[in-house]
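The letters A, B, C and D name the chains in turn, as written, and every chain counts its residues from 1.
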Amino acid sequence: MNRIDAKWKALREAGRKGFVAFLTAGDPDIKQSEADIRLALDNGVDILELGVPFSDPTADGPVIQAASLRALESGMNLEQVLDLVRRIRQDYDQPIVLFGYVNLFFRYGYERLARDAAAAGVDGILVVDLPYEERGEIAAALAAHGLHRIALAAPTTSKERLGMILSDAAGFVYYIMVTGVTGARQSVREDLQERLAVLHAVTDLPIAVGFGVTNGEQAAAVAASADAVVVGSALITAARAGRLGDLVQDIRGSIDRAVS
Amino acid sequence: MDANQSGHFGDFGGRYVAETLMPVLTEIDKAYAEASNDPAFQAEFADLLEHYVGRPSPLYFAKRLTEAWGGARIYLKREDLNHTGAHKINNTIGQALLARRMGRRKLMAETGAGQHGVATATAAALFGMECKVYMGAEDIVRQAPNVRRMELLGAQVHSVESGTRTLKDAMSEALRAWVAEVEDTFYVIGSAAGPHPYPTMVRDFQRMVGDESRRQFLGISGGRLPDVVLACVGGGSNAAGMFAAFEQDTDVKLIGVEAAGYGISTGKHAASIAGGQIGILHGSKSYVLQSEEGQIQNAHSVSAGLDYPGVGPEHAFWAQTGRVAYHAVTDEEALEAFFTVTRLEGIIPALESAHAVAEAQKLAQEYGADKSIVINLSGRGDKDMETVLRIMKERHESH
Amino acid sequence: MDANQSGHFGDFGGRYVAETLMPVLTEIDKAYAEASNDPAFQAEFADLLEHYVGRPSPLYFAKRLTEAWGGARIYLKREDLNHTGAHKINNTIGQALLARRMGRRKLMAETGAGQHGVATATAAALFGMECKVYMGAEDIVRQAPNVRRMELLGAQVHSVESGTRTLKDAMSEALRAWVAEVEDTFYVIGSAAGPHPYPTMVRDFQRMVGDESRRQFLGISGGRLPDVVLACVGGGSNAAGMFAAFEQDTDVKLIGVEAAGYGISTGKHAASIAGGQIGILHGSKSYVLQSEEGQIQNAHSVSAGLDYPGVGPEHAFWAQTGRVAYHAVTDEEALEAFFTVTRLEGIIPALESAHAVAEAQKLAQEYGADKSIVINLSGRGDKDMETVLRIMKERHESH
Amino acid sequence: MNRIDAKWKALREAGRKGFVAFLTAGDPDIKQSEADIRLALDNGVDILELGVPFSDPTADGPVIQAASLRALESGMNLEQVLDLVRRIRQDYDQPIVLFGYVNLFFRYGYERLARDAAAAGVDGILVVDLPYEERGEIAAALAAHGLHRIALAAPTTSKERLGMILSDAAGFVYYIMVTGVTGARQSVREDLQERLAVLHAVTDLPIAVGFGVTNGEQAAAVAASADAVVVGSALITAARAGRLGDLVQDIRGSIDRAVS
């Protein structure tokens, strides 16, 4: 069983909600990045979403843009991201999802990517700018190597379209809570529950909700209706300020309290 | 040829965007298909092109260039005479009409040379819409007069400080901004690039450039077609509009002219086809300037409108099939051509257009006086005077 | 009406120049009369107007101005779309053709806004002639982009430091220079002013503006004529070209709009008809801003192209006979109109043209929606952006 | 007999060539201007050409432009020019010709001008920008008051045209030696003699030659073929440098030596 599926099963059985942490691989350099990841995984993160740094991250806000830039300047590339996964995988069994832009994967080669990623211990891949219509590019290669292709759903996605794009999705659905790029927001959208109800009506997959979650309080609000909470920019900001462990614990606790 | 239903020209094109934007792209695709078949839409577009933009633009026989180069007869398609000074306005009027049809009251755009920004701000003023333009901080300096024009027209110009601070980053930033405002804002893309249906739509909204040229040339020549048609290629909109009309005329040689900057071998250029590789940038698959690993590389061109590391997917397709040949011209050659056209014809060309002229000059002598070359003079060079004079001054001082 | 043989329109016009220039004026008069009747000359002129200048310029129905003003239907004659951005090029092409016919290889010109200088430099480049342009030092600052354009086009720009350092002094200096170079140089006068035959010749070389407008309006309206035709009046060339075509249509109200500067009563204005007296300046008798004793006074207008203390003699004649009404519009009103056209129509007008727009706005409401007003939009305002922005900034700072 | 005609008669009888001096009335102010005029007339000037300052002297070079400006700034106007003539006339009998631009005379009124000028002691008027074709404006008024209308002839004037424009000229012909505005030149044109022969063939009037004569040497060269030499800018420059008397004497002497 794919580690992702196993994780959801375990969470469900324990009656808990998931905590998905996004960190940019190689930010600010490979060594510190690895330390940050270990710190996050040690403090209760359920699923690691590892950003592959790209020169032109058009779906990302300023925090992740800056993280990508730092990572690129420290010399990070996709091969090294996979090396990093390999090292993490030796000590952790949380699922790891690569999060990246299609051009890097295209240039690396989809078949080669799927093979190398699976071998390194990756469990799923989320290609932020590869929508359902273009999934043919990569879907077969991922499936052949047992990797989940994680689908994105957005507030702009109609119910009809949701049915279509989730028809062959796997692992979980990443629901983008805001219309906007990644980055911290002031509050959680009020109609989240209704939105998720629509999603639940068309898919049995667990739903992770992200884009904009900043702190424990918001995480708790999201966890009230989602299967998991994704936090990214806020973690990166905390990591660079030396507060990563604290924030991870805060969010973990808030999520757990929200459902107890 | 037309893109297939999913927006692909052969291996190229497509819609490589985050899910948030997919619904709007589908909506635009549908609205555009309807508008294309709506005579009322086409009539309003045609009326504005004639009375507002000033179309048809002339096809001008450049006697003194012809004499000076001593070869083929040279014709200039005078897009520089359009309202706002370049071909860009054709497309922005088309997209603004579509936006209005879709009930959007806000426009946004990226811009490099500022021509597309001005053209979008103009269309916004004409239709009483709001307008935001994203422009690289570097280009804001290079193309100062256009920034002032946009502001006078009531547009908000956002200075983009990320990356190379040029067109590429302006477009990335515009895509980010669009995601956040997609529900009431129409993104007016300025070239035949971006996700489907933009490359098709922009080409179609520029196609009158080629259709007119073809008709005008047939009229002038008593039924013959030109031997060569040249256009500069940044994102590729003026070239696509020109080439689309001649695509089926297989005797007509089509040449797209990219910006070779300091020279392709220096790595400092903007020639995505001549010096790039297949990749995915800003929503479509095409030729892209990138590292081996797929990181997008900085383009360089003296001309802000060509200073972009990608190219529209239909050009990639045309390059692959061989229907269009793509050549590249250096900064130096383009500057030379800028002065040649200015001094011999009294027409100050855009630096972008000067690239096409420079290539034509190389070809003219290979052809006899019984051959004809049509150059798309995509815009006027008023916006480039500061740049050209600065370069001249720097050269002068370094001597 | 046509000037009589000695170049008089009623009491006005004539040839008030030193003897040195009389022979060349006679020569030009003769050559021009021959050229006017030479189909080959007219055909070449027409061909250049169509393919080089981009004529006919559109007559554009300004829907949003019409709606905003809530009265008569407003039409704009789009001379701003001409090559080099104003009506001035029509005349310089005509005069350069005449110069070539007369065997002259050197052109000279005076310029205020720089539009005429650019247009002359352009014609010189097109015909491979030398070109010198006299421009007031003050105007060189006010209209910097046009100075750069002239220089790029290969013209020598002479800064005139005498007097008010504006158009009046540029013209005086040009006359002085012409005297010295009269044997090989053709003086291209930029307005319907100066000694005979210039006022007639310039009007004729601008007459297509009115002829086209008339034909276009008849076409749009199904055979009716407009109720009012408006044009700004500096020296009076764009207005003369416009009015000449409608002169016999006595139902059409013709209105020339002069520059009232800070207001006629302040004495700081450029309204020679509304605020001047009959006198003789730069070779012809007309209305002139002058002291009781006949010393020429300084004009003031925010618009460099109207900043001139005289006016062409045919306008004086039209004013006297009442065929044309002359009104005046202040700097303030013109600036307001500049923004109105820019924001509502996406057209940045020349400050000169904005004067005509401002007057039209006053009239529009007096007329019902069944009436039509045609405004000659004589040029585009890119050249004026610095001026407008500077004024806006000064106002902002003084608040 | 008009003082101008009398002067030519006297010069002819004495076998001398004439010296016509141009000075701008009121330069640099009325008092100094009057002193300059007296100095010139005292030192051998035969005919005074008195420039009426105008704001836009399109036929004048920088020296006379500046002189006009100084005169205007000191408050000079046409009435005061006539007053000045009246004062000079009390002490001198050399002919005085007003030299000016048509607008000033037009505004003053031609009839009024002719009457007042004649009364003040003016003998002729040269309107620099009133060519033969426009002479109708003023000719009758001048004639009625016994004033000569002095005609200009230029190197650009054809023989045919000379015949026409000199057909009703009086007093003398002012031949403009150069195609150009007033002001000093380096040398005297070489074909002057031929040019003047053409003039002599069509008119019996004496010919004064000017525009560009700077010093005694040039004056002598001109005097060799002309009936009189006109000097303007050079005198003004000398006057402002306090050397007017010297230059007048130098030119006078040179002219006289040239014909002796």
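One rule holds in what follows: a contact is a pair of C-beta atoms (placed from the backbone, for glycine too) under 8 Å apart; a residue touches a chain by one contact, two chains touch by 3 or more.
Since the structure is predicted, the reported quantities are computational estimates derived from the model, not experimental observations.
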Steps needed, at minimum, to go from chain A to chain D via contacts: 3
Touching both chain A and chain B (chains): none
Distance between the centres, which are taken as Cα means, of chain C and chain B, whole angstrom: 35
Intercentroid distance (Cα basis), chain D paired with chain B, Å: 67
Touching two or more other chains - residue numbers and ranges from chain C: none
Chain C - residues contacting chain B, complex: 50-52, 54, 57-61, 64, 78, 80-83, 121-126, 128, 145, 148-149, 152-154, 339, 342-348, 382, 385-386, 388-389
Of all residues in chain A, those that touch chain B in their complex: 54-61, 65, 72, 77-78, 101-104, 106-108, 128-134, 151-158, 161, 165, 176, 178-181
List of chain B residues in touch with chain A within their complex: 6, 14-24, 162-163, 168-169, 172, 175-176, 179-183, 277, 279-283, 285, 288, 290, 292-296
